[in-house]
Structure formats: C-alpha cells, structure tokens
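The following pair of complexes shares a single chain, chain A, combined with chain B in the former and chain C in the latter.
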Partner chain A sequence: MDKLLRDKKAIILFVAPALILFTVVLFIPIGTSFYYALCDYDKKTMTYHFIGLGNFIRLFKDKTMFIAFKNSMFFLVFSCVSQLIFGLLFAALLTNITKGRNLFKNVIYLPCVLSSAALGLLWAFLFHAKVGINNLLGAWGLPQPAWLYSTSGFITLPMWVIAFVALWQYVGQSMMLYMAQISGINKSLYEASYIDGATKKQAFRYITLPLVKPMIGTAMSLNAIGSLKFFDLIYSMLGDKTENLKMDVLATYLYRTGFSSKGGNHYGRASAIGVILVALCLIATAVINKIFKTENYEM
Partner chain B sequence: MEKNKQPVRVSTVLIYVFFCFMMVLYLAPIAWIAMTSVKDRASIYKSPFGWPTEFHWENYAAAWTGGKLGIAMLNSLFVCGITLILTIVIGSMAAFAIARMKWKLSGAAMIYILIGMMIPVHCVLIPLFVRFANIGLNNNLWGLIIPYLTFSLPTCVFIMSGFFRSIPNELLESACMDGCTIYQIFFKICFPLARTGLFVTGLMTFIGNWNELLLALVFVSDANKKTLPVALTKFVTPYQTNYDKMFPAIMIAIIPTIIVYSLFSNQIVDGLTTGAVKG
Partner chain C sequence: MNRKAVSVMLSLSMAAGLLAGVPMTAGAEEVQEITWMFWDDLEASEDPITQGFAANIERFNADFEGKYHVTPITTTLEEYYTQLNALVAAGETPDVFIVSPGPNLTDYVAPGVVAPLDEYLEADGWKDTFSSDAVFTQQTYDGKIYAVPLNIAAACCYYNKDIFEEAGAEVPTTYEELLDACAKIKEAGYTPITISAGTAWCLSMLAGYLCDRSGVDLAAINAGDESWVQDKTIAAGEKLLELSQYFQETAAGDSNDDATMAFAMGDAAILIQGSWAIGQMNAYNPDIEEKCGVFQFPAIEGGGDPGRTIAKSDSLAVSATSKCPEGAVELIKYFTDDEAQKYTAEVGGKIPVTNVEFDLDVAPAQLADVMDVFSNATGTFGFYNESLVSSDAGSEFDNEMVAIFQQEKTPEEAFQAVEDWYAEEGYR
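Let's look at the complex of A and B:
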C-alpha cells in the first residue's frame, strides 16, 4: 500500500499537467507582465524598450488614471461596507426562520450565477434617461435624474447606480458565507444566554457577531478582490462610453489602454495598470486580514 | 421553548414580509425581461412596464439570427464543455496526488496552486494575449480554453482534495490487496466515489466560464467565434440599441443558467460557498 502511494512515476503523471499549466499560463506571464510594465511597446516594430518606471510616472500624472483609481477605491469601500451590512443582515434574519429559508436563500443567490453581461443590459435599460424607471417617475410627476449620464460630483451618480446594482447581484455570495458560519454556531450557546435572560438583540451582539468575525475577514477580502476586478457589469452597461462619462475603473481603463481601437495598444502602460491592480488586491487583502484577525473560538 | 413561541411571532412575520419584498426585488427584473422580450419596439418605449398586449415571438428569431446567438451559444458550449472535462480530469488527478499520495512537496504544490486563486486575470491578460498572438492561438477557441482551464483548476483541486481525503483508508488498502495498480485505484475507485464533488465542481466551472466576459472580449475578435456574453454586449451600440432584440437575447442567455440553477440550486450554492471560502 505504502509503496503504491509513494510511486514517483504516478505522482509526476498526476500532478504534472496541472503544474505545467500553472507555470506556463499563470506564473511566467505574471513575470512577463512585471517586465512589460517597465517597458514601452512600439506598435510599428512590435518591440519593447526598457524605460524603467516611466509607465508608472505617466499613469501617476494621468487624469483618467486618477478617475479610474478613485472610482475603483469607491467600489472597494462601498462593496466591503454594504456587503458586510446587508450580507450579515440577510444571513442573521434567514437563520431565524425555517420555513422557506432555502427558497429565499436560493432566489437571493440567483443573480450571482447569471451573466453580468446580460444583467448589465437589463439595468442599463431600466436606468435609461427616457425609458425605464424614468418613465414611471415621469408618470408620477417626480424628477427624472439622468441616472447613467450624469457627470457631476466627486463620486458621480452613475457610480452609485452601478455600485447598487453590483450589491444587488452579489450580496447573495456574502450572505451564503455568513449563513454557513452562523449555522455552525452551537445552539446551546444561545439557549444558555436566553436562560441567563439575554434578549435576541444581545444574543446577536455578544454571541453571533464575535463568532462570525473570522468569516467577515474572508468574505470582505473576496469582496475587495471582486470589486477591484470589477469589469463585466460596467462594460455591459456603458460599453465604450466610460471615458466620456468619467466612469472608468481600473479594469476598464486597462482594457481600453491595451486593446480598444480608441485607446491604442499601449501594452506597457496597460501592464503597469495590471501590476497596480494586483498590488492593490494584495494590500486590500492584507489590511482586511489584519483588521479582522481573530483567534478561532471553539464552537 | 414552547413558551417562547408567542412573543417571537411578530418578529417572524416581519422577517417574512421583509424577505417577500426581497423576492420581488430579485425576481421582478427577471420576470420583467420575459415580459418585455415579447413586445415590439413601439410598445417597449410607450409602456415599458405594461403587460404585453400582443406577443411578438418573432423577436426571438430575430435576436437569434441577427445577433448570431446560435453560433455564440455553440461556441460557449464548446469552450465551457471542453474546459469542464479537462478541469475535472486534470484537477482531480492533481488533487488525488496532493491529498492521498505520499511525497515531500505535496504541501508546496497545494500552495502553488492555491496562489492561483488570488491572482486576477487582468494581470496576465497582456502577456497571454501577446504570446497567443505569436503562436496563432488568438481568434481560436482553444486560446480561451487554456486560460479558462488554468483559472478553474485551483477551486477544483481545493474541493476535490477535500473529497479524496474523506475516502476511508481501508478501501484503498483492500483494493491494493486485490492487486490494483495506483492508476486503477484512482480511475476505478476514487474517481467514481467522488462523484458528488465532481458534479459540484463541474457545475461551478461551467457557470463561471459561461459568464466570463473580459478574456473572451480580448482574445476573440472574429464574429463567428464570439462567446455568448460577448455577443450580448454587441446589442448595445453607441448610437442605437435594438431593445426589441436585446431582451429576447438576454432571455436566451440566462434561461439555460436559470434552468440548471433551479434544478441543482442547493448543490451549486453549497459548492460555490465551499469553493469561495478555501481557507
């Protein structure tokens, strides 16, 4: 038995395809990406010249980059906070009922598995300047904001709209994670607290919250990475209009700098944005884990 | 506990009211797409929220042919299907070796693979695009399958290694007594035993790749090789939008997912949660 499980040839045969794929498709390109970020790409000769930190300095002075960075940070903060509040609220309420719990849970989770590209089209129509929700508002004599086309304010209205749509679509994910954690809490803890005269509110504050805390770190890092990667929804809702509307996020700016016909093929600069994105992901995860680091209580 | 029932009631009712409201918030937009998809363009503009007065089923045909959705759906099926099979085979082989076989670097290999979960696809987009363009994999569905496969592997390895660990040792030992080779142990015993895990991983992989937009947008520019999400974004052009075609197209894109989801929602929800937690 032991000999079989130590069979070197079999081990290599089993692991090699996965490891080779990982190295060739993931780790080598990451290295290349860091190198490209330090280069200027010449479209005509298709060559790369090493220019040091030139791309980063350029991005630092770039107005669009500032907007993209600002919007991404807004998404990051908004999604972390809102998903924590609503995800935890839904989870806490759902664990209080038994009948229909699965139904509610599955319906709220449904948009997570649907294509953002499809749902983005739907919401883009609902928030259209003339038709959609404004049609209803007009009929009731209410003011009709230009939802997706307003450009005033530090955080523009379209950003809020899209942030709420993202919350609607992805809150199920956080809810599921918190539910998994809450249902893992031993019921006798609650029974003991009720015998000692605790109210439901107190039980939530002093039992549920501390025991859910480790999961908050996990769920929030997932939200943070997800909101930094945010692309599908905003692209399908606004398409190429992101630039004029000052609606870029890092991912759309990366896409446009690297691949769009308008932005040209600045592979070097786009790689630099990619590097910044990865760095932000790592920083966000580290910060969140630092804040929510707790020892796991015995449950 | 019986005594507690009376005062709890009010709050329970409130919770139900709250979640019924949430149900409307979640289901109404989807029901509304279905309703709007059979209206003609004039009535979409005139009364976007009204009940359809006449049913224009030909919208679906127009969207299907006009948006090349048929080809897009076949492309998506091909890409996601192949990715699914490869992910399951390669991923569970690696998971088995990491979880059950005895070698020094198994822990390191697991970490190496799990790092892959942390890395956003944006970072490797440009190098991969350049490399694939050089070797002729751009505008080729295999050029999508390879990165999809790589990015699906970590979750698969993570979930499957859990399943393989839970297989009792005695089972493997008795198979060994009967003279099974290590390959037979894997393919004839462990692989079939981990069916539930394979099913969950498979569904997740499929759904994730079915919805993927960025890679598909960048790597494929040939109109006949676009996947479904990319084909959808083409319904919105900067100057006009064919709403009477767009809504049927959305329906066509989300109905398969909704059907699969309603059949297996519990497994999917559990699987995605375990896949997301990953410690």
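Let's look at the complex of A and C:
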C-alpha cells in the first residue's frame, strides 16, 4: 500500500476520475455562471452580450433584490440562532436520558429525511386561509391570522411561519451533530466535576459547551449555507406568489429571474444573483469559522 | 451442483432477462415520438377542457399506432412557462406546446423557436374549417400564422342568482349599479366578489376591464403616444381599490382555484373570470349551473365603449426544430376536428373556433349566456398583461395592480411605476 501511495502515476490515476467529474459538473458551470453574470441575455436573439457589471448595478437598485436579500438574511440569523439553541437543548436532554432516547431522537430527526416539497404542501394546508389551523380557530370563534399571505411588517408573518417550519424540519440535523460531539466527551470529566461539587447546569456550562464549540461552528456553517440557499420549502408553500407577497429569498428570486414567465428569461441577471449567493455563502462560512475558531481539546 | 454451474446458470438467466426487453424496443424504433406540453395534469385534472385534451391525445395515439406516439409533458399553470423556457434554453423544445397569444407567443416567434404553419393550414382545406380568418389574428406575425387556436374564452361576470335575489340586488349594467349590488350583498351576509390576488393575473384582469371601461387607449400607451400616468388609468386604479372592499377577506392569498371554488360553493355572489371557469365551477358543484347567471362587465359613465369583452384563446404552436413537424401538425388537427370542437362547446363551456355544429342544450347552461355576451360585444381585447410591449411589462403591470390592492401604493404611484418601467426598458 505504501509503495502504491508513493507512486505519483497511481495517485493521479485514482484522483483523476473524481477530479474530472468535479470539474465538469461543478467547476466549469460555476466559472460559466461567473461569465454569464457579466452578460445580458437577449430573449429575441437568444444570445449573450457582455455588459460588465451592469447586472450587479441593476440588482443593487432593484427593490425585489433588497426584499430577497433582507429575507435571506432573516433566515440566516433565525436559522443559526434557533437551531443552535434548540439543537443543543435537544442534544443535551437526549444524552442525559436513557429511556425513550432513540424514539425521541428519531422523531426529531425524521423531518430531515422527508421531502421538503411534501412537507411544504403539508404545512401549506395547515396554514391555509380557510382549512387547517384557521378552520380550528374559526370553530372556536378566534381570529384567523393571514399565516401565509400577510404582507405587513418589516419581517412579515409568512416569513416567521416558514422559518418555524424550517426549524422544525432541520433542527434534527443540528441535534445529531451536537449529540455526536457530546457523546465523545469523556465521562470522567463530568464525574470529576460532580465530585468537585458542580451542578448539572454548571457541568453543561463549563464542560459541555466549551467542548461542543468546534461542532457549533460546523453546524452553524451548515445552517448558514442551507438558509442562504433556502428554496424548496418557500416554493412548495407559496408557489409563484413569492413576489406579490414580498416573500422572495435570493434563491427564489434567482429562479424567477432565470426561468419564470413572470419577469423571467434573464439568465445573465440570474447568474449575477447566483454569484452574490456564492459570495454570501463564503462570507458567512468565513465569519462563523472566525467566531467559533477553537483549539481542539483532548476529550 | 458446484459453484461454477450455479454462476453459469445465473449469468444465462440474467442475459435472458435482458433479451426479454428487446422485442418491445425493436418494434418501437419506427414509431416517431412527439412531445406535447400543456399546463395541467391530464390525469388528475377536473377541468373538462383538460380531460378533452387527454381524450384527443388518446384518439391520436390509437389512430396512429405504429407511426406516431404522443408523450405529454404536463406542469401546473403557474409553472408552465418556467418549465417551457428551461426546455427551450436546453435545446429540448417540445414538438407541440400550448401558448397564450400575445407577448408570450412573441417570445417564441421572435427568436425562431416556433415554426410558421401556413403551409399546413392551406394544404388540405384545414384553414377553411375555422369559423373565420379573424381567429388567427393574435397568432399572426408579418402575415404568417405561428399557432393554431383551439377555442375562445370570454371573460365575463358570473353571478349567483339566488344570492342576488335574497339580497334584493339587480344585475348591474353600470359601475355604480355594481357598487350598489355589492353593498346589498354584503349587507345580506355574503361575500360580494370572489377574486384571487395571490394569482396576480386574476386581479390584473379586473384592472384591465376597469382601464378599458375608463377609456384607456392601450395602443397609444404602448406606442409611447400616451403615458400610463393619466386621469383614466388613475380612475381605474381608484375603482379597483374601491371594489376591493367587497372582495373576500382572503383574496390576497387565495389562488384562482380558491376564488372559483368560493363562487361555486355559494359563498360569494360574483366571480369575474374567463369562460374556462364554467367547467371548473360546475365540476366543483353541479348545482351552481342552474343558479349561475352571466353579465357583461358594467359600463363606466363617461368612459370607453361598454360593449368590449376580454377574449382569450388557447393555441398550439409547433417547434421550429421538431423532427416530426408533419406528425405535430396531424396532432393539432385532432384538437380542431369536429369531435374535439363539439366537446369544447358542449362539455368544456368554451366557444369553438371552427364551424362545427353543436347542441347548445347539451352544453353547460352558462355557455349560452357567455355566447350571448360575446355575440353582443362590440369588440374584443386581450388580457392587459398579455397585451403590453412584452411579457415582462405584463408582469410589471400585474405586480403594480396587486400593490394597489394591498394599498402599498396609490394608483398614481403604481401607474408611475409602470411608466418608469417602460422608460427604463427603452419603450419611451
């Protein structure tokens, strides 16, 4: 094996298929998108014309882009904070119980493996104006909120509703990551702390949290990238109403700008949104890694 | 049995399994595949027009078995152009696809995505079967026909006779009478008008009627001779806002289907929709057929011609890159032959485009009223969002009308935004 690993030809031979595949399906399309972001697509001739930073300048002045950016930032912050709190809380609780641990773990994790499109439709029915929750509220004589179509407020009610659904769907993923990290902490550390008179809360604060910190960075980076790319739930819950309901996020705006009959076929501008999205993902990951940069402890 | 023998047997059985599929594909090689794209699910839809289209394809496949085979590509209405544009961009334009006349069709005619069909229409008297050459007006570019209309739908006001009677409301002929009827209906505890603002084109259709009745000259605006910001458009915007107090509470989020269902189920008194909604409302609730009346959109005093009606047709276009244009044209003929056109009128509730004879007594009761409105119309005009300088302009118009309804913008601000859009895009 060692001999094989010293053979450069063998290394190239083994790495080449993956590298070629990655280049074809990832690097070339990303590079092409960067180029198209600098072009304008002419619907009539179906050709691209180089316009430099024109698409970015236009997006900078675009009100819908501002709404999409604001909503994506909201999802980013909400998702990172809420999944940190609830993911860690569930992980801490489940690592401390033995009875029913697997049941709760599976119940919380289950939405992660289900189709977002199906879940989106399910929640759309629950938050429908006339059926689902509102039907129940109406029967009790209570006011029926416009869960999915209110447009008032800086952060609208539908944004909160969809953010809650996203939390419900993805909190299991964060929980699993934190559980894996907590399970790796040496039990003797806790035993020593209890001997020294620490309470469970203190053990969590001074042992669990510092040792979970590297995983917080990883989980939060995943949450940040996931929430910036957020598309499927919004689209399955609101369809093409995102624009009129001021519910666009960067990914839905990209999709509409690129393909929709409502202001679509602007592939250059859609690529520019894609470039902004990639840049935001890189910035968010870098910031989070900077904040949660820790030394690796021996656990 | 030793291992070698077992492995040989397994290999043979696998090879036999593979060969079992060969005859199926060998016979299929001669069959030319035709893709047909449409904006509704052929199997799940309750819309009689869609069901009729499914039957046409079934007939075609049976009649041309061994020569042509149609594979439908279906999407939702909302997703339709999104998916179609993606296929066009990928160089996989369906052989035949449905398209709305106006800027949507222009988007495919201008870059040469669709083929002219005159040669086929003239070839064997096919064109003579149509009721008049006028049915091709919206599909004609520089004297060439690029799509074949399948039916005509007129946008009218449907009303629930029982609710009107209970509320003591009269069928309105003027805008003031419409407001009066709405007030009485609201007083009686019903929703006066059901409409979808979630599906923006529905609200935009009402705005289009209000603009036209107010006397807006759309051609002059498109040509740049007039501005969007003028007394007539602003008056139309104010009336849209005034009428919105009579919409159902959930109008902002309701889809077109939600709004139609509210009318069909007797929750609302008036539905402003195209005649394509007839089949849908009757499917939701067969009882509505007897209760439903139809009236022309009311006149606005001192405004434009009150006899004009919004008319729209579904049309089929053929891809310019189709490998089987003859088969594609043969397929379209199955949508305009007597059987299909008779079904269009008698079951679908839409106006046929050919000279086919049909039994009006068999057709949905509302169709006679719609045809009455249509035949008494002094002229027709298209959906506003499909009659502007481009499909993007239509989208902008839709969004601004929703902004008026949601009271995010005043009518002045909304029409100024449309005017600004025209200027920014170089149409001024």
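Criterion: the second predicted complex is superposed on the first by the 283 of 299 C-alpha atoms of A that agree within 3 Å, B and C clash if a C-alpha of one lies under 4 Å from a C-alpha of the other, contacts with A are read in each partner's own complex, and residues count from 1 in each chain.
Just so it is clear, a residue touches a chain if its C-beta (ideal position, glycine included) is under 8 Å from a C-beta of that chain, and two chains touch if they have at least 3 such contacts.
Just so it is clear, the structure is predicted and the values come from calculations on it, not from any experiment.
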Exercise for the section: Using the superposition on chain A described above, determine whether A:Y267 touches chain B (first), chain C (second), both, or neither. Expected result: both
Problem - First (chain B), second (chain C), both or neither touched by A:L126 - result: first
Exercise for the section: Kindly classify A:F259 by the partners it touches after superposition: chain B alone (first), chain C alone (second), both, or neither? Expected result: both
Practice task
Could you tell me if A:N186 is touching chain B, chain C, both of them or neither one (first, second, both, neither)?
Solution key: neither
Practice task
Would you sort A:K43 into first (chain B), second (chain C), both or neither based on which partner it touches?
Solution key: second
Handout entry: Touch count on chain A, higher of chain B and chain C
Key = B
Problem - Which of chain B and chain C A:L4 touches, first, second, both or neither - result: first
Problem - Which superposed partner A:N96 touches (first chain B, second chain C, both, neither) - result: first
Exercise for the section: Check the residue A:K241 against both partner chains and state whether it touches chain B (first), chain C (second), both, or neither. Expected result: both
Fill in the blank from the handout: Intersected contact list for chain A, partners chain B and chain C 130, 239-241, 255, 259, 267
Problem - Contacting residues of chain A [partner chain C, same complex] - result: 43-46, 129-130, 146, 148-151, 239-241, 243-245, 255, 259-265, 267
Problem - chain B residues within the chain A interface of the complex - result: 4, 11-12, 15-16, 18-19, 22-23, 25-27, 29-30, 33, 44-45, 47-49, 90-91, 93-94, 96-98, 100-103, 109, 112-113, 116, 118-131, 146-147, 149-150, 153, 157, 172-173, 176, 181-183, 185-186, 207, 210-211, 213-214, 217-218, 228-230, 232-233, 235-236, 238, 241, 243, 246, 249-250, 253-254, 257-258, 261, 265-266, 268-269, 272-273, 276-277
Practice task
Going by the contact rule at the top, pick out the chain C residues touching chain A in the complex.
Solution key: 76, 78-83, 85-86, 89, 104, 107, 110-111, 197-200, 250, 252-255, 258, 391-392, 395-396, 398-399, 402, 406, 408
Practice task
Mind listing the chain A positions that touch chain B in their complex?
Solution key: 1-2, 4-8, 10-11, 13-15, 17-19, 21-22, 25-26, 28-30, 32-33, 36, 90, 93-94, 96-97, 100, 102, 104-119, 121-126, 130-132, 135-136, 168, 173, 176-177, 180, 194, 200, 218, 222, 225, 228-229, 231-232, 235-236, 239-241, 250-251, 254-255, 258-259, 267, 270-271, 273-275, 277-278, 281-282, 285
